[in-house]
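The next block holds one structure in the form of structure tokens; read it before the comments.
Letters A, B and C mark the chains in the order given here, with residues in each chain numbered from 1 onward.
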Amino acid sequence: MTLDVALMLDLLGVFFFAVSGSLLAARQGFDLVGSLLLGSLVGLGGGVLRDVILNSGPPAAFSNPIYFAPPLLAAAVVYFLAGKVERGSRLILTFDAGGLALFCITGTLKALESGMNPVAALLLGVTTAVGGGVLRDVTANQTPRLFDPRDLYAIPALLGAGITAALWYLGWLDLATGTVAAVLVFALRMLGLRFGWHAPLAARSWARPRFRRG
Amino acid sequence: MTLDVALMLDLLGVFFFAVSGSLLAARQGFDLVGSLLLGSLVGLGGGVLRDVILNSGPPAAFSNPIYFAPPLLAAAVVYFLAGKVERGSRLILTFDAGGLALFCITGTLKALESGMNPVAALLLGVTTAVGGGVLRDVTANQTPRLFDPRDLYAIPALLGAGITAALWYLGWLDLATGTVAAVLVFALRMLGLRFGWHAPLAARSWARPRFRRG
Amino acid sequence: MTLDVALMLDLLGVFFFAVSGSLLAARQGFDLVGSLLLGSLVGLGGGVLRDVILNSGPPAAFSNPIYFAPPLLAAAVVYFLAGKVERGSRLILTFDAGGLALFCITGTLKALESGMNPVAALLLGVTTAVGGGVLRDVTANQTPRLFDPRDLYAIPALLGAGITAALWYLGWLDLATGTVAAVLVFALRMLGLRFGWHAPLAARSWARPRFRRG
């Protein structure tokens, strides 16, 4: 996968996550500036976390200001169009799933290209993918969606990062295979939401989850 | 602006933010140690974030322990004097505004001197200025003040960072012009609070903000 | 203290903190994946924070995947055994105290060996020790235990970091003295909990703390 293609996919992931952040900002009654800032935090947070951990110079989001274009676009789109769509959280979750699908691929790839071993790259890819969403929810004072036991969130990201590391190791990673991996992650996340697929609870013998959001 | 003056202004900003943190700690019923720690987090958090992103050695707050003097002083001041002042949030907001005004200048300056391009420096200056306050509010389990749609918070910081970058580019940045910029940011923030100046909501057609603090 | 012994103590600290995270995940009704992730965040968060601040290459937790073994073990232990123990928070606090005791030693040591001055190393040791727990509580949407004014949390960590810096400076730091320091920190934290030892409130003249958890 050439770097230009990787940058394009990365920016698309930033846009998806930024829309989820701006939609949440709208739902919480924040203003347009808050929408831009929460969108930036969600869209860029995971990648900044990744680059800070890789420790190889300032994060891409700061050294290359093009990264702030997707959050600007996302805040504008939400400003003009949000009233036309449902107020529920389904749309937020859909854009969040798009960001998750792209970031577990691009995050793992960037870690591998920085010379990390495949296991570390996989873990950093998952961190990149889930990091922005956790920052979004914690900042908006909600329990992170990542911890909702009623569907799958980290498992699709883990799968996508694993596939990426394997494809890269085999020399098969290109735009086509990367896109297939991203679609797979997105589909698994959305199907899990739709059909309520879920993992076992954290403690085997405690019957009733007391999880509530918000 | 010489480095000594920049350090002095930076320490003053740390003190202002630390007072806002210690006051919040007092209001939340934390103890003296919690007051010192929350003050340190607010006062030093934005700068540590900035230095971690600049990725040029350990953050100033750790390599130069003088940075812990302002939080110590702030915790002592709040301990002895807090009972004499109003319990409301106005005082917290005033000190917070002082920190905001100084940090958007010193943060942008430090980024420029580390060789960042002006746009990136502006963004990092804003991050430095709002970072400590977001950490304070998230840690004390409140929706960050940054997102309150009833007044302006990020816009004054953005303006201050922009002025700083422009002055630096023109070679006009010194103690006098820097102080004028900081006073301008502080005044804009306080006037916005006083008169309820605010930005448009995140979604044009959603009538009623559901924002509540705390 | 050889590096192998330091690594062993570090991994034990990761395990203690990870158990506290997985227990909290179980209590909040998270699933097994959430238990693993919250355990990893608590167990590894403080050390990642420390290494990011030290700014000397990628954090140990990512460059050496053995660090993910304790969180895996902790999630499994909690999954199979949590139902057999009390549901209260006492067990969480006990494991948290174990992590605190070990991390204030290993965090200070790592900072000293990276060439930090003793004061900075002490502060970074305390940051390492309390960082994971703050991340745990903020992520699970609770006011950090660190700020509970009814017992001592940061003071034992500060004492442990101070003893470590002193022992290291005198050339007396080895497995025996390090273990004694850790036991001291653990005992002080647990005795403080048991007998309700506490520090003065943040504001001298405000009578009634309004602190509530959760």
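Methods note: a contact is a pair of C-beta atoms (placed from the backbone, for glycine too) under 8 Å apart; a residue touches a chain by one contact, two chains touch by 3 or more.
Because the structure is a prediction, the values reported are computed rather than measured.
Novice: In steps of 5 degrees, what rotation angle do you get fitting chain A onto chain C on the CA atoms?
Specialist: Superposing the C-alpha atoms of chain A on chain C needs a rotation of 120 degrees.
Novice: If I list every residue number at the interface of chain B and chain C, are over half of them used by both copies, so same, or under half, so different?
Specialist: On the two sides of the chain C and chain B interface, the residue numbers are mostly different, under half being shared.
Novice: Roughly how far is chain B from chain C, centre to centre by C-alpha average, rounded to an integer in Å?
Specialist: Inter-chain centre distance comes to 28 Å.
Novice: Would you please write down the residue numbers of chain B that are in contact with two or more other chains?
Specialist: As it turns out, chain B has residues touching two or more other chains at 52, 55, 138, 141.
Novice: Considering only the defined contacts, which chain B positions touch chain A in the complex?
Specialist: These residues of chain B touch chain A: 52-55, 116-117, 119-120, 123-124, 130, 134, 138, 141-144, 146-147, 149, 152-155, 198-206, 208-211.
Novice: Residue numbers of chain A touching chain B in their complex, please.
Specialist: So the residues of chain A in touch with chain B come to 22, 25-35, 37-38, 48, 52, 55-59, 62-63, 65, 68, 75, 78-80, 82-84, 87, 138-141.
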